[in-house]
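You will see two complexes here that share subunit A, one where it goes with subunit B and one where it goes with subunit C.
Let's look at the complex of A and B:
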């Protein structure tokens, strides 16, 4: 395989992985900190994509429309996440995992129908500004110029979350809550408020990912279901609650898929599910997860 | 005297009863089920198809309905483009809404799943836009009719055009890119087999199978560009088609690799008018601009545009409209709305449709309609690109020989 071809395929995997990371990082963060398995996470990601389309539609005569719409979609989706947490998720903390799954699955279905009512059943398409309509060439390989932005944002979110968890007071509290929420509570730190903001942050990142996704292809109903499954694979491989694990898991899924289609096109997705299953059997807490929480 | 009076009363009552029941029978509406994928991957096409159906129903009802006395009542359901949901919704339509015919679906997988249900309950099943050949070729149901050129016909039509180009341009190797589901697999299989026959010098370099509803084609795009085939033959439909095109463009894919065989219905030509790469060789199922010389098509386009705010009808609207008019002509020929009688007369029936005078082939109830191959290009008559240099490949040139269908059915029984 010539280098240019290899590099081009590697970059495709990296982009795919980064998109998955953006969806899965919030999903993993929410589970890791709050122990909530939010099946509606990808549906909120899809809402982010639709919101981005709406903002873009309102400003489409300006070249800057897309760049403004993405953060607006992220903030609006984050606000929806905050409402969800305060109204519903707050009541699920002490429920069993299967109950959480059922309730958040119901949320996914309700949001799915609300999307249909709000935006209609037809697919939506954002026309990219001219600056990202042409490829850029790296080492002779053509790369979609928008994907440079996607990769940059993916790493920025990874670094931003790492910095937040490692160097800020609230990050330390959040990390401590992963291991022992009772102890954090005993120190007088209001866990419910922390949870609300962690959930909002997770959904904000989902909205950001949705906004970014909206300029990659058409936005359509049902996209969320295949995405949540892939996000689930990512966090199982990387380890629930682990930022590093989510990043590595995303890159594994992206690169495995990207190269597998060259050699075994029929089985590219099968391979990803096989890796997920193997991890679940051999190391259920994932590559970078922790076996038990206190 | 008393008994004479009683006799008159009974006679009047019977007469009234007869008149009333006669009137009720005359007013019996024709329940038409429309089970389409209004959500999921088929959304784009199903909505247009419904509009075609609605217009046909409105026109027919303006003249009293079927046979001038059975107004058509539409019962609409969303199959979500999923076979299990399709089966459930069609059962609902049959058992709850008592439909006599069901027009269904965008997805061939749904149509295949629904076919045995319609046969079991003796309800007409019209596959208006789903075109897997297996809907009519195997597991034959006398209740199922197909008014869209099937996968075999489309593949043959496309092969015809590709073989011509390959010879002209000296192409040797190609890659296939097909959605990984019933229609995509069936179409790709036919394409490869047919190209082997009509252009034996062409070799398949790689077969790629993105899943139905794929959102990230990036890896497929770069792998195809890396393989440097002489051309790519794609069998992607609806949203996937749009997504692929949008993602491939920023790579300069269409400038580097000839991309043929993609389906560009009027829906894509309109929705991607500004962005669709010109020069793509595309196949289409029922583009209205191919038959503006047929009075029924000209009238349909005019009425459709009047009803839907100047919008031009897509292939899906054309076929939805044709499905209802084919049914109407079946009912007229049978002289009744009785499903079994309509089904019997529709076998082999020649119908006048927007695409001309076409026959339902007796062996499989497949409408002997044409396929269309052309090059995406602008036309001053329309505010969107159309297929230029259009080649109409008639059913007689691209349908599967009957002997092969008989063989396939024999093999199925074994």
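Let's look at the complex of A and C:
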């Protein structure tokens, strides 16, 4: 009894951590490569969730509606990200930090209101297809079957990103651009184009995460801000610009959240901040980051 | 040389603004007196924020936390303990200062964009605590019935009260920025490493500045509660943290009064836009994008560029300090 309870709580923490990883990995990728702190990242994630709801409600008579809506939402959100990059972010590379931050802050404000205008203030709920309505039993513990899917996608994206950065030509270019963009540029590789696609990829993952999120629970306005703050905590805990760090940070935050909510529901967020602050004191560059350049 | 200039010559701009502010209530209807009270409160908020941004060269995106702590301190003391308004103001500054001490202790360990991330995160932490602590803060209902005393109840007396408090606070902040401490801040902004080499404990100085800024943000918040008759957790939220940043950028962070000018523009726009649409964030977002794209350096920056106005304090080397250390 005790173990099954523990295990199901662990699995829901893992799911939560994976959702956070999907948001934080794109955020961390964009920040690591382009040095742009995307305040609007979670707002785009929320747009992904609402888009998925819209696609789903258009096709809801079919069983595969959800499975089609998630990739559609991801692609559409990625396209929105691409437009943002080309229209706005592109002009910000050489600008100062406060200007970049103000622009992404403005994007968060604008997209937040556009969501309100488009989808209204009421909560949205997707009715799950029959295949994921019943829980599965693992080690005697009832686990939401959709959680298995979420965890699988999370690991797939983690492995995919790792493979992309480690083994593909473009991954190597991206990693080199983090290290020295002048040198990469001097080798004749068009940095702006690389940046555009990195940003689009980051937002695409955010859209994918949004689409997946939409079937976990109801979608509400303002979800984006608590998510972006947790993504901040994740990158601080895991270390800036480290994929492994982001994964470990997400899982820590997810598990802590999932267990803290049992014993001290109001204090779950506070506990996460306490961990973040403790990490900063002991290792200011995070668990897997490299020490900050002065 | 600068010191020898006559008083009037040095301070003509704030004097003119102060005299205009004194005469205003006689000239405009009471709705606009309300707007001007808001301008003063948010202007103080932005000036206090600018201690960190313009003078210390770090971008805090979480100053609303201290503003909110100040607002809630006043609100709670007035509603639950029946304190007089004037007595709550110094207490608000102290509580906001303590908040800034605790959170700033961690923030000043980081620089640049990392500093910003942490201030955003801690700002939201304060928001969450206030939002979830129903029994104490009223959660998302906020606190109602924060009524100022009878002699301040109508718009005009409260405006003058705010004007006096904001003026005194601004003068104190001005003297801080002109003191050796203020120049240490500029040194940290312009070259942190070199400042450290001449034997200054940079982290400690940054923390002290963070606390001073937090205290005055708290004072601004304390003025807001009785002005609005209520406080809500939104006061500490991320949207509100961006307000002083934008005001400082719009007015020009390298002039002491720049943030106040930004507050005039921003608050007027707000009063105008909210008159006919509820989508103020959308409009303000578009305005922010246009201002940042088209007039970097703010209003004072544009004026300076055209040569109409010689700023008292040119930034030392033309590059923005906030960006030091990136790349």
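Everything that follows uses one rule, which is that the second predicted complex is superposed on the first by the 285 of 294 C-alpha atoms of A that agree within 3 Å, B and C clash if a C-alpha of one lies under 4 Å from a C-alpha of the other, contacts with A are read in each partner's own complex, and residues count from 1 in each chain.
Note that in this section a residue touches a chain if its C-beta (ideal position, glycine included) is under 8 Å from a C-beta of that chain, and two chains touch if they have at least 3 such contacts.
Computed from a predicted structure; not experimentally measured.
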- Message: Let me test your reading of the model: by the given contact rule, A:269 touches which partner, first (subunit B), second (subunit C), both or neither?
- Response: both
- Query: Between subunit B (first) and subunit C (second), which does A:282 come into contact with in this model arrangement: first, second, both, or neither?
  - Reply: neither
- Between subunit B (first) and subunit C (second), which, if any, makes contact with A:187: first, second, both or neither? neither
- Query: Now for A:64: first (subunit B), second (subunit C), both, or neither, which partner does it touch?
  - Reply: neither
- Task: Check whether A:103 is in contact with subunit B, with subunit C, with both or with neither, and answer first, second, both or neither.
- Result: second
- Item | Touching both subunit B and subunit C, residues of subunit A | 116, 226, 266, 269
- Message: If we count contacts the way the header does, which residues on subunit C are in touch with subunit A in the complex?
- Response: 53, 59, 61, 106, 109-114, 116-118, 120-122, 124-125, 128-129, 132-133, 193, 237-239, 242, 245-246, 249, 279, 281-282, 284-286, 288-289, 292-293, 296, 320, 322-323, 325-327
- Query: What does subunit A use to touch subunit C in their complex?
  - Reply: 31, 35, 37, 39, 88, 91, 95-99, 101-103, 105-110, 112-114, 116-117, 225-226, 229, 232-233, 235-236, 240, 266, 269-270, 273, 276-277, 280-281, 284, 292-294
- What residues of subunit B sit close enough to touch subunit A in their complex? 38-41, 43-44, 46-47, 80, 206-209, 211, 213, 215-223, 225-227, 239, 242-244, 246-247, 249-252, 271-272, 274-275
- Which of the residues in subunit A end up touching subunit B in this complex? 1-2, 4-5, 8-9, 11-13, 15-16, 19, 116, 121-123, 125, 127-128, 132-135, 141-147, 213, 216-218, 220-223, 226-227, 257-258, 261-262, 265-266, 269
